[in-house]
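Submitted below is the structure of interest, expressed as C-alpha cells.
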Amino acid sequence: MNKRLTSLLFILASIMLLAGCWDRRELNDIAIVSALGIDKVDDELLVTIQVINPGQVATVKQGGITKAPVRTFQSKARTLSEAMRKVTTFSPRAVYSSHLRMLIIGEDLAKEGMGEIIDYVVRGKEFRTDFYLSIAKNTRAENILKVLSQLETIPAHKLSSSLKLSEKSWGPIETIEINQFVNELVYKGIEPHVIGVEIIGNPEAGEKIENVEKTKADAYLKFGSVAIMRKDKLVDWLTEKESNGLHYALGKVQRAVINVPCKEKKVAIETIRTNSKIQTKVDGHQFKGTVQLHIDGAVAEVQCERMDLEKIETINLLQKKAEEKVKKDILTAIQASQKKYEVDIFGFGEALHRSHPSIWHKVKKDWHSHFKDIQVHVDVDVKLRRIGTINNSPLHEMKP
Amino acid sequence: MSFLKFFKKSIDKKSFEQLLADKEKQDSSEQPQSKETIKRSLHENLKKIREAFGNSSDIVTREIRIGRQGEIRVGIIYTDGLINSEANHNFVMESLMFELRRNEVDLKDLAGLTLLNYIKEMVLTVGSIEDVHDFNVITNAVLSGKVVLLFDGYEQGFAVEMKGGKERGVQETTTETTIRGPREGFTENLRVNTSLIRRKIKDHRLWIESKKVGKVTKTEVSIMYIKGIVREEVVQEVRSRIEQIDIDGILESGYIEELIQDDSYTPFPTIYNTERPDIVAGHLLEGRVAILVDGTPFVLTVPSIFVQFLQSPEDYYQRADISSLIRFLRFFGFFTALLAPSLYVAITTFHQEMLPTQLLISLAAQREGVPFPAFIEAFLMEIMLEILREAGLRMPRAIGQAVSIVGTLVVGTAAVDAGIVSAAMVIVVAFTAISSFMVSSYDLAITVRMLRFVFMGLAASFGLFGIILGLVALVLHLSSLRSFGVPYLSPMAPFTLADQKDVFIRLPRRLLIFRPRVFSSQQNTKREKSLFQNENQRKKK
Amino acid sequence: MLDNGKITANQYKMLVLLFTIGSSILVAPTALVNDAKQDAWIAIIFTVIISILLVLMYIKIYSIFPNMTLVEICELLLGKWIGKFAVALFLMYAFILSGELLREIGDFTTTQMMPDTPIDAIHIVFMGVVVMATLLGLEVIGRSSEIISLWLFILLAIYFIAILPQIKIGNLQPILGEGMKPILFGFYHFISLPYLELIVFLMIAPFVNHQKGAEKGFLVGVIIGGILLTFVVMFSILVLGVENTARQIYPSYALARKIEIGKFFQRVEVIMAGIWFLSIFYKLTISFYAFVLGLSQLFKIKDYRSITLPISMMLIVYAIAFHPNIVHFFEFVHNIWPLYSLTIGFLFPLILLGTALMKKRQRHVRGNR
Amino acid sequence: MWNIIGILFVSACIFIIEALLLLKHKLWKDFIVFIIFLFLGTGLSIARCINFPIPNPIELLTWIYQPLSEAVNKIFQ
C-alpha cells in the first residue's frame, strides 16, 4: 500500500516541480496599475494607465523626492484588451491591474456612451470590483491621471481616499463602485449616476514633480458634481445643489452640513446620520412617489446674534428650517431629473418593482414616460440631538 | 484490501519464521561453548574466563583464600567500573576474608549446611545472590555489573549483585524545560528511571516487564504499564513487537522506536519520547505503555496521537484557561512553522491581489533588484537557517552562541543590505523559525521543518491551490496513520466528543473526570474509587 | 463484500454534508437566481424540503439491504444480466459526475486563479490527491473528512460573518414577485445538482458501522448542507443583488470579493476558494470511489485498488473531452443534467425500491402459504 | 511527442506497481481487468494528445435527452 502511494506521490511531485509555475510572476516583474483612464480619440480607445513605481514610493517615505512616484503609459486601440496588451510593448513590466483604485472615463467617451468599456472591466479576472468609477469633467481622463498629488504620493490613492473621505463628510459626493454602476445600468427601474472629477489650476504644471514640492499646488484634482446618465450616456452634470438633494434622497449622505438662514447670517447644522426610504405607491392610474428622510443632526456653528439655544422653541425652529432646506434641495433634484433630464436616477421604478411587482412588469417597458409625471412627496424629519460643547453662543450675549 | 492484508501477513509470517531460524543458527554458531558448566578446578575456570574476555584489562580476576588457614581458594571476578567497588570490599571481600577467620568457624562442620550455603546464607551481607553453573551466565553476570565468586572444588559459584560505578545523577532535563513542574529528568540508568516513576505512582498495579534486546549489546528493555487501566491488547502488541526485534545492538530508545513503529513510511513520529518522569507517569495514568531502555534517558510511550506532540506537561500544571490559550497558540505556531514561507511565496508570486495595496507596494519596493525568484530566495534563506540551527547545535556551547548571533544578525542584515534577499523574506523566515520552537515536541518540529520545504515547492508551482492540495494530502496521510491500533488523529478523527475536553483546550480538572477513551481499557474514571469498582465488576463477571 | 474498513455515522454525516455543498456552494446561486430571481431563496428552501423526501427513499433502500452496495442490490433484484446493465448505467452516471466535477475544478482554477496554467495540469494534480484518498480507502476518507469539515466550518463561519455588513435587505424584494413558476424551475435545476447525485452514497452506506446512525447521518448531513447552501444563496442576493448574481459564473467567489472589514480584512476571496476546494474534493473523491468500487464489483474482482490508477487516467482524459468549452459545460448542466439525474437518481432507485417491496411481499405471501 | 512519452512512462509505472502485486498473488481475473483498463486509459490519453476523436458519452446523453429538455424548458418559460 505504502509503496504504491510513495511512488504515486513521487511521480506527482516530479510532475509538479518539472512543469509547474505557469502563473508565477515576481513582484518586481509586475507594473502595479493604480488608475486607469479611458478616452475616445478618433473612434479609438485611448487607454492611460497610471503605474506605481514602488521603489520611488519607498524613497518618498524616507524623505527625498527625486522622481515621480508614478508613471503613465498610453496606448490606442479599437478594443480595451488590445490597448492594454499594447502597453506591454513599452512598459518593461507586465501590467497588473488587481490593485486598481480609480477608473476614470473621459467626458467625450461618457457622452458617446461608455457601455463598450464596461464588459472588459467586469469580465477580466484581474479587475477586482472594488475600485471607484469617475468621469473627468471638462477634460480628458489622461489629463486627470497625469496630475501629481500632494500628501499621498500616489495620485490614484489620493483620489480614492479623498473620495471616500468626502463621501462621509460632504453631501454632494458619493463613491460609485463599478458593480453598482453596472447594476443600475442593467436594471430598468433606475438610471446610473457617476461622480465627476476635475482639474483645478494649470494641468500642464500638474505633471511635473515640482507640483508636489510647493505648499499650494499649481494643479490639483477635485471631486464635485454628479454626472447623470441615460443608459450609458452622459446626459448632463447636476449642480451642486441638485447632487446634494440626490444624495440626501438616496440616503448616501453620512456627515454633511446644512446651512440654515437666521436673519442675514447662517446657522450650520451638522448631520450625524441619515436614513432615507424611497417608495412608489399606486393610486388608481397615478404613481405616487414618496421620499422619507430622517436626519439626526447637531448644531455646529451659530453666526447670528441673539439666538437663545437654551430654548426648545429655537431648536424646533432650527429643525423646521433645516427640514425645509433639505426638502427644497431634494425637490430641486427630483424636478430636474423629471423635467430637465427625464432620467430616473432616484430609483422610483425600482421601488415600484419592490412594492408592486405585477404593475411594474406592465409599465417597465416605458417607465421612462411614466416617471415624468410621478407626483413626489418629500418628507424630511430633522432631529437635532446635540448642540456642541457650549450652550449659548458668545454672540448671544455680545454687547450690542 | 483483503488480499493485501493477506499478502502483508504472509510476508510477515514468512520473514518471522525465517528470522527465528536464522536466529537459532546464529546463536549456535556464535556461542558454541554456551552449555559449558564450570569445572571443579578454580584455576582452570579463571583461566577460561580470562581467555573468554581476551585478557581485557578491566576484567578483574582475583584469587583469595578464606578460612582459618586459608584452606579454601575463592576466585572473584568482576568488571572494574561497573561495580560499586567500595561495597564489594566491605560486603563481599571483607565478609569472606575476615568474618570467616574472626568467627573461628570450622569449615568442616557448618551447622549442617554445606560450605556454599553457609557462605551464601550466613556470610555474604549483600542483597541479591544467584547461583551460577554456566560460563555463559558468568560472563553475562560479569558484564552486567555483578561480582562472581567461584570456589575451588565446587561446580557452582555465586553472582552477587553489586551494580555501581560512575553514573550521571538525576538532573534537570535540558530538552524539555518547563517553568512550572518537577525539575528531575531520567538518567541513563534503567533502575533509576523505574524508581523515578515508582516514586510518582505508588501502586502495586504499576507493572514492569523486562527483556534483554540486542544480541550483542544485550540491552535491558522494560515495558511499564498500570494493570487495569491499560488496554491488554496494546500491552500484548508492544510485547510481541519487542519480541520480534532482531538486531545486534540497541544503543538508544530510538532504535526501538524505529523497529516497533506502525508505519515506517511517514515523516511523523508515531511514538512519543520524553525525558520527564512526570510525563511518563501522566501517560501511564491515561492508560499508555512506557518503554524504558537501559542506557538512555529517553523513554518511549505508546500509543501516541498527533495532538499530544503539541501539548506540554505544563498545560496540566497551569490554570486551565491559560493552558488552553497557549495550546491554541501552539497550534497556530505549528501551522505558521509549516506554512509561513510557502504562503509568502504563493501570495507574492501568484496572488498579489490578496495583499493590501500599501503592503504590496512596499513589498515590491523591497524586491527591486533582488536577483532571485521568491521561491529560490525563500529556499536559500530556509537552507541557511537550517544550517545555522544545526551548526549551533553541534558546536561547543560557547561558540554556538556566537555563531547564532553572527548568523542571524550579521548574515541576515548583510544579505538584505546587499540586495540578495528582501527584508520581508528575512522576517518571514525568522518568524517561521521562532514558530517552529513553539512546537513542543522536537520530533514533530523536525517533521515540520522537513515538510516546510515540500509545501514551498507546492506553493512555487501551484500557488495556494498547491498548498490546499498539499494540506488535504497531509490530512489524508495523517488519517491513515495508526499508533499501536489507535488512529493517529483521534480524538478528532474518529471524533469522540468526550475526549475533546483535553485536545485543543484543557478544561478545568474537575471536568476531566474520565480518562481518554482511546487509550484506556474501560470507560473508567480518573478517580481511584471507580477503578476499584471496575475491578470488582470484572470479578463478578 | 470487499474489506474497506468501516466508517462511523458521524463521518458518514460529514461526507454527506461535504458532498451536498461541494460544487453547489460555488455555482448554485447563479443557476437559481437565473431561474427564480429574488425568490431563489424560497426555491432553495423548497428544494431542501423536497430533498428530504428523496433522501428518505434512499434510506428506505438502504434499510432493506443494509449490508449491500447499490451494485450488489441491483444484481440481486434485477437478475444477473438486467442487473449488470442497470449497474452499467449507474456507473456511467458516477463516471460522468466525477468527470464533470473535475472539469469544474479545472475551469474555476484557470478562470479565477491561474489563467496561464494548462487545465490538464490542474486536473492531474488534483486527481493525484483524489487517487491517493481512494487508494487509502474509505476509512481514511471518512476520518480525514472530520478534520477537513472542521476547517470548513471555521472558514464558512468567517465567510458568513465577514459578509454580514455588506447586506442590503432591499435586494430580497419583491417576494414572490414572479409567481410560482420560476421557483419550480429553480427547484428542477437545484434538486438535480447536489441532491439527486446523492444516490452514489448508496455505494458507501453499507460501510457505516451503525445502521441507524447511517440513516440519521444521511438526513442530518443533507439538512445541514441545505441550510448552508440557503445561506450562500441568500447572501448572494442580499449583497450582490439579483442582476449581478445572475451574471456571475462564480457568484460566491464574487461575493467573497465584497468582504471588507476595516481596512485590513479584505481581499480574502481565497477563503471561498478554500471552502470550495475542500468540499468539492470530497464530492469528487466519493463519486470516484463509488465508481471504482462499483466497477470492481461489476467485474467481480477482489480489490478496486488495482484499477484505480488506470481509471483515473481515463477520467483525466474525459474531464477535458466531455466538453469542448465552458459554455457547452454550462448548457449541459443546465439542460441535460437535470433529466439525466432524474433518471438515475430518482427513477432508478424508485424501480429498485418497487421491485424490492414486491419481492418482499411475494416472499411474505409465499411464506404465509 | 514529449507528452506521449510521459504518458507511456506513467503507464509503465502504474503497470510495474500494480501488475507485480497482482501477479504475485495470482489474481488472474484482477490482472486481466487491470490490463484492459490500463490499455484503455493509455490509449485514450494518447488519442487525446494527438487530437484523435474519442467517443463522448455526453453526446449520447444530449441526443437522448435533448427533446425532453426542450419540452421542459418550454413549460417553464
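Should a chain be cited, it is by its letter among A, B, C and D, assigned in written order, with residues numbered from 1 in that chain.
Quick note on the criterion: a contact is a pair of C-beta atoms (placed from the backbone, for glycine too) under 8 Å apart; a residue touches a chain by one contact, two chains touch by 3 or more.
Everything numeric here is computed off the predicted structure, so don't read it as measured data.
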item: Pair joined by the larger number of C-beta contacts - A-C, A-B; value: A-B
item: Chain nearest the overall Cα centroid; value: C
item: Separation of mean Cα positions, chain C and chain A [Å, integer]; value: 42
item: Approximate Å spacing (C-alpha centroids) for the pair chain A, chain B; value: 68
item: Mean-CA-position distance for chain D and chain C (Å); value: 22
item: Chain B-chain C separation of Cα centroids, rounded to whole Å; value: 47
item: Residues of chain D engaged with two or more neighbouring chains; value: 10, 17-18, 21, 27
item: Residue numbers of chain B (touch at least two other chains); value: 3-4, 350, 353, 462-463, 466, 473
item: Contacts with 2+ other chains: residues of chain A; value: 1, 3-5, 8-9, 16, 19-20, 23, 128
item: Footprint of chain B on chain A - complex, ascending; value: 1-3, 5-6, 9, 13, 16-17, 19-21, 23-28, 30, 32, 34, 52, 54-55, 57-58, 96, 98-99, 101, 126, 128, 154, 157
item: Chain C - residues contacting chain D, complex; value: 35, 92, 95-96, 181-182, 184-185, 188, 296, 299-303, 306-307, 309-314, 316-318, 320-323, 332, 335-336, 338-340
item: In the complex with chain B, residue positions of chain C that touch it; value: 2-5, 8, 10-11, 109, 113-114, 117, 122, 125-126, 129, 132-133, 136-137, 140-148, 150, 263-264, 266-268, 270, 273-274, 277-278, 281, 302-303, 305
item: Contact set on chain B toward chain C in their complex; value: 1-5, 350-351, 353-356, 462-466, 468-469, 472-473, 475-476, 478-480, 487, 489, 492-495
item: Touching residues (chain side chain C, partner chain A) in the complex; value: 111-118, 121, 124-125, 128, 131-132, 135-136, 170, 173-174, 177-178, 240-241, 243-244, 247, 254, 257-258, 260, 266-267, 305, 309
